[in-house]
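Let me give you the structure first, and then I'll get to my questions.
As written, the chain order gives the labels A, B, C and D, with residue 1 at the start of each chain.
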Amino acid sequence: MPIKEGDYVLIVGDGVRSVIKVARGSRISTIRGVINADDIINQEYGTLIKTNLGYDLAVLRPLITDILLERADRVTQVIYPKDAAQIIINAGIGPGSRVAEAGVGSGFMTAMLAYYVRPNGRVYGYDKREDAISIARKNLEMLGLLDWVELKLRDVISDGFLERDLDAVILDMGDPWNAIPRATEALRFDGVLVVYVPTVNQVIKVLRAMSDYGYVDVRMFDVMVREWKTEPDEVRPQTWVNAHTGYILIGRRTLRPIAQPTK
Amino acid sequence: MPIKEGDYVLIVGDGVRSVIKVARGSRISTIRGVINADDIINQEYGTLIKTNLGYDLAVLRPLITDILLERADRVTQVIYPKDAAQIIINAGIGPGSRVAEAGVGSGFMTAMLAYYVRPNGRVYGYDKREDAISIARKNLEMLGLLDWVELKLRDVISDGFLERDLDAVILDMGDPWNAIPRATEALRFDGVLVVYVPTVNQVIKVLRAMSDYGYVDVRMFDVMVREWKTEPDEVRPQTWVNAHTGYILIGRRTLRPIAQPTK
Amino acid sequence: MPIKEGDYVLIVGDGVRSVIKVARGSRISTIRGVINADDIINQEYGTLIKTNLGYDLAVLRPLITDILLERADRVTQVIYPKDAAQIIINAGIGPGSRVAEAGVGSGFMTAMLAYYVRPNGRVYGYDKREDAISIARKNLEMLGLLDWVELKLRDVISDGFLERDLDAVILDMGDPWNAIPRATEALRFDGVLVVYVPTVNQVIKVLRAMSDYGYVDVRMFDVMVREWKTEPDEVRPQTWVNAHTGYILIGRRTLRPIAQPTK
Amino acid sequence: MPIKEGDYVLIVGDGVRSVIKVARGSRISTIRGVINADDIINQEYGTLIKTNLGYDLAVLRPLITDILLERADRVTQVIYPKDAAQIIINAGIGPGSRVAEAGVGSGFMTAMLAYYVRPNGRVYGYDKREDAISIARKNLEMLGLLDWVELKLRDVISDGFLERDLDAVILDMGDPWNAIPRATEALRFDGVLVVYVPTVNQVIKVLRAMSDYGYVDVRMFDVMVREWKTEPDEVRPQTWVNAHTGYILIGRRTLRPIAQPTK
């Protein structure tokens, strides 16, 4: 497939890793030298191009995670792909799922959800911060994923979700225990609740609320992805690793009456 | 949604966790007592049912991971959901992707791939063992995912893949370095190669082959998912954790000539 | 050095790993066959002896950790060598240190402490359970370490420690926050307090108490030791690992008045 | 105990953590303001002193690990306390042990060994680099541990160790497999060999050599110490952790003939 003007491309090689929007006549600067955008337009994706300093860099279609990590704007702490991956698979979210998320923050998780519920599912993204909604919209547009998302400026704790019978609700906010009653009424019976929190103080409150509201099959886990150096003669883990982002809590709603907590 | 005869259901609660096929007139035995299948047919999913010993168990629609872990047959070591999740997201595999996998083994990874490439993508599953193909077919049928998979009894090292221009190829076999030339010719330019191996001896050989065949943006990582106990008053990680399944190596094909290795 | 009657020896090889007391005329049974004790008496340590089934087993002087893990009796959950190692080094405990421990439990940590404060230091071991004191004494005797330990049947929360000006106090009990006032008065100014607890609920209470009682340089960590398979052609981590034993909290006492908490 | 001129002291609090040598008349600068050395001389250790900016900092006797991490010079990659702790305890090294180490590098491991073999053991430290010997000597002097160490400028691979019948030998060098024959002849029968290497390529060669030279009870592990934030209301692991330093391999010598490898 040929590289076209306006494409986002991933440039990689010799320590270079960045996502660039191709603009005719422009120069692409990297730490390994410069490439002329005109020299890659109409080339095949996968091509290797020499910089003015003599380095071979590859030009690739970026994956969704490449764009999120290298190019998307951030307004808040984001849910990283490693955690998004475990949330999506462990909540059974896939093509066709109807999912709500509060709050959307910078829209990273929203984007991953949109990517995986395509083409016939839907993501309802809530946030009470206007700047979050705005950044998330921008990121989703860049990724071409806005068609599968409805963004809503709304406080779910006070005002609730507008949907019912959802397959999953994901809470990524400071005090998610306060949103659990509202999430519960938005979920289908046996729907999946996912909560993402960074501290163990929050974990304790979430577990109490999940128990109070009758959730079953409750699991909690944290995910560590250990990156390695890939030089064949010196294979070893990277020295520094992101060892903590957040805890993931997952449970299933039941038919227990939700008007009042079970205890 | 009501529970129907013939459904696979997940029964959970008080240490019970199993996936059962509902058959009219049958008795469902658990370590917490017995349920009559007739008592749950036509009930809503999410319902709580009391066993003859007085325990409340919930009846839920199983997620794909529930069926794989609790119900699917195994003929070989499987790729676990924690690793499947990272492979799928990091390879950008999603709705519409065309992906080959060798070998399919028990079909766990195949099933996860099929679930996520729906409704318009396709999975090509290779194995040289007849029993693997047969078990994988059975598991995919139980999951209702066979429509998106073509299973092929074929040795990819000697005979190659039948597809071209694939988005991703996943190698899960003892000597994947020997299959890398064949995987490379099946991939689109800039397509994603994923290799999954359990030992560091294998890792070294794979990294050499990926380097020889011109792969770029090569990453390697292992995934640890640490499960926690979820009793709100005694929150702590589980004592024992599955600390190693396999290493995941990912790289992108380039336009480098593939007739001979680059060194 | 020759093996003598009455020695504890470590027998290892081909999956065998056990600590045995050598008794003249006895037969040592292993999963790889039988050895006659008389055949190893007066042999050099490090010798290889053939079992009646033809396996070569090595006879070694057991290290202190070998005896604790393979031979010592247990009355409670123990502090494992991996955690004991980090506690000892991070608290600066070494030859000559004067250290109190509450509670001693099975005496594993007590034994490690005694081993490292030799020959001129001292360990004061408290427990309110008579069976713990009794098992700990037996284990310390077997290890030849009782000379450096004073065991005391006493509740430190109600009755306090009998020593003052200690280099370190180690709390390994269910409600250590209640013992922190007493530990503080037993420590020298700038002495080291170590607390070991399994749950995050306990962690939160301990951190509050350490803050209230003026501790500085407070650190908290957990230790994961990942064991690997050592077959040179199939090097990989063990599948299952003990991923959680307890959290270690360490702080230094200051001259802050301890009559009442600082807030 | 009073603070004296010439003491190394640890200053901690509000993000400050440094080891300072107390010199009469000097000013101690920290990111939280300045302290006059004269104001702390003759104060008790554990005292809190106010900086000119109004922060309370504690003045403590530094532990050996504080001096190593905050003050010692480095000429090479060092063995960190977390690994030193596991090596010392798992090799059974303690008061009275006779241990050789090659190479000493900056002397961090040497210092830990010296600290723990006191008062009646001995450490023999080898390195073929003159600058390493010189820095190690300086660090050991600062720590007051030189009395228990003999440093030797000597290449153990070509020239061997000068001692025999050692309790343990520790190899921390680029090609330790080449030193294993020499380490074996320096160890007592049933002595402990420890090898520390950062890459899996090295691990494979070490495991082959340990097998060739008849070592038994061979273990390999890596150590992860996960530090946490200790604010009681926001308890969580630190985001970034040092996830890899090196692999620790431990085995016991046997009476197998060592003139030629066993295979």
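Just so it is clear, a contact is a pair of C-beta atoms (placed from the backbone, for glycine too) under 8 Å apart; a residue touches a chain by one contact, two chains touch by 3 or more.
This is a predicted model, so every value here is computed, not measured.
Considering the contact criterion stated above, the chains in touch with subunit B and with subunit D alike are A, C. Chain copies subunit A and subunit C are related through a rotation whose angle, from the C-alpha fit, is 180° to the nearest 5. The chain pair B-C and the chain pair C-D differ in C-beta contact count, and the higher one is C-D. Computed centre separation for the pair subunit A/subunit C is 44 angstrom, with centres defined by C-alpha atoms.
Inter-chain spacing, taken between the CA centroids of subunit B and subunit C, is 42 Å. The geometric centre of subunit C is 21 Å away from that of subunit D, both derived from CA atoms. Along subunit D, residues 200-201, 203-204, 226, 235 each make contact with two or more other chains. Taken in their complex, subunit A has these residues touching subunit D: 198-201, 226, 233-245.
The touching residues of subunit C, counted against subunit D in their complex, run 1, 10, 12-13, 17, 44-48, 58, 60-61, 63-65, 81-82, 84-86, 88-92, 94-96, 112, 115-116, 118-120, 188-192, 200, 203-204, 207-208, 211, 216-232, 235, 247, 249, 252-256. If you check the complex, the residues on subunit B that touch subunit D are 200-201, 203-204.
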